[in-house]
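Two complexes follow with chain A in common, the first pairing it with chain B and the second with chain C.
Entry: the complex of A and B
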């Protein structure tokens, strides 16, 4: 079958419906210029993806091709009740299939995405992919492909982190990063101001990471709504010191951030108080980092990947705790100290 | 010149010596050429009242030369005909030969010489008074030159030799004369530089030319087919060029050149595949530019062979490899086309080949019109009508342009032809078919030989030292040695000796 006679699944959705039945969604492009809609949406209930494929075939004008799935959407309800990995087995097993598909968590029913308003955006499959890709390149979220997601899910040292999307008023929106447990269930979501922080602790870096924060320090005298600073991180150096203290892991993380100051809404004479400016940002960053770490430690998940250090540097202890890393992780002491080096502070008037 | 008595039909009669009776000779000549209205037999009495007859073909002789340089002195100036038997012949003619046998006389007449029979003398004199319709030296048509000389070969062997001698003013330039064809013998020159060329090649070329058993060989292209290593392949194993500077350059690299009368071309042997991607202009352009052009030609070579096949294979089997946005636009453009990709491609390729051939056969101004009509009108209308997709039009056009970049006409035709089988195998087996097709193609290319030299040299077998002039053209100062793949006697270029 030639290109134009095939129905190429570009967007695959997996979810549970109200009756707790497995529902599969597919979006295939319509090449026929006579058709009014550019996309063909298919929804079937099936027990497995392979079975769903036969159902898709019976609903589509061409033959179904699953080698070019751009994005896999996974519904919240499914991830709250089941792990998704077994359902993706058929894609992972076939070497002709694409391991570059993006994996996205949908905060709500997947069907909402398929019903979202696309009249001012374009083809659904391309829109969703582009939304995720551009956010990834602007440093807000990570963008694991299917292979990376599977590797993260199977790894005993850390837990997966996938982009999260939600449909609000019929418009799809990236809401941050969904954190999954080691067993593959949904745990919590990092919002868009937390996820750059998580990425910067990971020293995971594409090009830049933007951070924007409220300054809580009382060294600054300004109105509360004006105490805001934004920086853009250009380079990160990370030093992690792994120790065992009282039978528990302790991680001392020294982060050196090279950043540009891009926004400061209050007045500060930076020529006279150059150190002060750095200091308040560093203090604020320490605080935010520790809040973030506390939040994920409580949930017994390790998306940052401290387990990699735990295993690499203290292997004896790692052998003792066996597969219980995530319980140990919750008890570990993590100190994050930030050093900020401002490269460029912009124009001052 | 070698004389072969079996050249003429009637051996006994032709090898007869010339009679001393002029009337017998005239009668013999008029019988031999009774069907030649252009034969002129001019009998007259010289100033000394001897009976002589001047015999020549009017179409092959220069009338002014005959009137002024022969008839006038013979009729009015020479007191006795015996004067012309003196060693210093008192006639303003370059070459005068004594001929005894009819065979030689006939050959001389066909060469365009005029023959003088003298009563009571048992031999004839042949005067060099040739003159036939000649084309002026013009700019080469197929291989146009940007910076090099703008003179191309013409249909006269001597002029062509002169053009080459102007470039290679070396006393080691050897010109060996042969003749091919039994019924209409044609002069063939083998040229080489004696202390450079590998003597095996000269021997091989000579043998092959002597072994030609044909009535007549009209053109150098025919000659090439009779002497090349493998006539069953589409790829040319010798270079045919109409540019004397190209031939001179190849002679200096240690190759053998073959010139043939009435053919405005020359053959160069042995050739390698890589040498077909070189143009004489490369050496007169700046080396960086020339290198860029070389790489462009190699790219074009591959594009011309695989682009339509790749398109067919990808559209028919492996659409997963197309980037999403391109896939959507290709799919939309394909959706109106009712044919499978292979049919669509073959349709367009045949259309473009027909356009090319039609443009070639028509006079120049009409040819251009055909190109414009075909290219724009048919292409545009075919897309509008939904017979082909616009992506296909782009693919076919790019392929056609890529095919024309190869500087040699024979090689570029071969490449254009090769892509059809590759297209068919890709339509059947996809990328696997394309890979197998290319493997077979390259296996074939490296199995070819030109005068015994591997055609793939210096790429396969590998001679890294020659790569300075294959994919790149390094500065001329660095090219101190002649190509290794030609295996010259003298590998270091003269004047480039180590101090």
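Entry: the complex of A and C
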């Protein structure tokens, strides 16, 4: 088969339109030299992904190839109303399809992404994938692939976390991590300063994480807008103590962060008060971690995966509460204590 | 008596090991998970111990008659007619094993690599090397086993790449629901250890008979390591929901490996896996053939029997036997037959030989 005659779907979008009908979007690169545009956007309404494929075929100048999907975009409206997993079955079932495609939540209609300004960036499908991959390498977000997303969605111990994107003034932008419930509905979004925090407690996926925070401590005397510190975490040691107190779970998390100090916007005589610097950062981190935990506990979702510890270390209790971990999780007590070890402070103290 | 072709220690190990590694590895994590959940990997260790014990019985039985295969022993122990009856059963078993693995290979390639190609075409392509190797007998098979080992040595370490994003806490707590489910799932591992019954045929050919135990131990251990690797990594990397619906968890695991220059590693993996699967088909086929020539006391017919069997396979491919349901259904048969012939039979034969030899000794003395 000639490459010019095949339409390779690199980007797939699923959403609901205003009439609550399922809409599928596809972006395929155009290799034909006569064509003026570099990629071909297709939009169809269909009841399922397989049906959508036939519709794609009828709109495509070549034959549709779906084994190379790089990214799957899921619209906010769809995730507010339905779980997306059944619609992906056709991809999971076919051994020719790639499980390494990334899953992205779109905060708004998926159509916006397809209408976004790409004249100064390149091919839409490559741009979106690159944006997600580079943010992942810098440690701000995770980028679960399709298999990981499905695994998280079906797991009874934690809930999925997928990167979130939004189109602002016609420009696509990564806005953080979208948190979904166990049933697959959209719950809330962690912004770009919260998602690295969440990732640093989560033990499973990544280790190199940048954190940037406002110091609220009174021990520092500086203008409010200058009380900022940024660190780059190199390595994290997590010690989670799982206990049962009064019939509820209690997690004592001891995080040891090995980090570089990369930015401090106020003056502090760190040579004399080395402890003070560590202490204010630790205090600040404790505060932010606890805010984050409270936020997700209220929503009864567990993207960090405390359920993994709950089952691994207190299986008897886990058996008792079987099936309703997320209700139990909301009642659990979670203490996070941070210890910071600065490895490198650059060329100044 | 046939002319014996000498078998080196390495060849002896590789034939057993590569016969054991076959279709079982691809599905084992799923099969174990169905019965004993995440603790399934412990059953592999029990399976390994049981295989070692059975292997010991096999070698111990043959030790008394260092120049005779199982097929020579049967008429001696059981008399002409009963011996021939058991021999016939063995031929049926080994032929069934070879045929089943052949059909499985065609099905596997059809599902994963060439969905639009006719199974008959695949079958015709496959029988050519199978014929070429089997017809030349044991010397060729032993060399093929060595080649298989060397060519496919990269295949299992590559799975370790998937451990990177694994969740090791999945395995905890170990033995969470008691030992019963683990014991129950131990027979499931039998299918993956099948292959050591070839010792019945290989032992007389082995150059240094003292190394028979050691070789059996090494082959079984290598198999157990591969099975453990695959099972633990599947449990660490795949979720429980996936394990319960995925038919081939091992291949799903490989599907997750992605290099910047290579997106679909599983295609290469499965294609190379044909070599390993052939190494399961060929020894069983050879065992069936040498049984046949023993049964009718004419080794010149071997070649025609082989051609006949291979043609029969191609004809079988016309029937709807290459499908999901038959493949699953016949696998149970294969596993059950394996339990009888490779696990129960050696123990019974060992006991029988002890009694038989003791009685004969008594007769001579008396």
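Remarks
Following the convention adopted for this analysis, the second predicted complex is superposed on the first by the 343 of 349 C-alpha atoms of A that agree within 3 Å, B and C clash if a C-alpha of one lies under 4 Å from a C-alpha of the other, contacts with A are read in each partner's own complex, and residues count from 1 in each chain.
Definition applied: a residue touches a chain if its C-beta (ideal position, glycine included) is under 8 Å from a C-beta of that chain, and two chains touch if they have at least 3 such contacts.
Predicted, not measured: the structure shown is a model, and the values here were computed from it.
Superposition of the two complexes onto chain A shows chain B and chain C fitting side by side, with no clash. Contact with neither chain B nor chain C is seen for A:343 once the two complexes are overlaid on the shared chain. Looking at the shared chain after the overlay, A:98 reaches both chain B and chain C.
Using the contact criterion defined above for the overlaid structures, shared-chain residue A:226 touches neither chain B nor chain C, since it reaches no partner.
In the superposition on chain A, A:154 contacts chain C only, with no contact to chain B.
Of the two partner chains, chain B is the only one that A:3 touches; chain C does not reach it.
When both complexes are overlaid on chain A, the residue A:168 reaches neither chain B nor chain C. In the superposition on chain A, A:29 contacts chain B only, with no contact to chain C. In the superposed model, A:145 lies in contact with chain C only, and not with chain B. The superposed arrangement places chain B and chain C with a least CA-CA distance of 5 Å.
On chain A, the surface touched by chain B in one complex and the surface touched by chain C in the other have residues 68, 96, 98 in common.
Contact residues of chain A toward chain B in the complex are 2-4, 6, 8, 10, 29, 31-33, 65, 67-68, 70, 96, 98, 123, 125-126, 129. Partner chain C is touched in their complex by these residues of chain A: 68, 95-96, 98-100, 145, 147-148, 150-152, 154-156, 204-205, 308-309, 311-313, 315. Considering their complex, residues 315-316, 319-320, 322, 324-325, 327-328, 330-332, 334-337, 340-341 of chain B touch chain A. Only residues 111-112, 115, 165, 167, 169-170, 172-173, 176, 238-242, 251-252, 255-256, 258, 263-264, 266 of chain C touch chain A when the two sit together in their complex.
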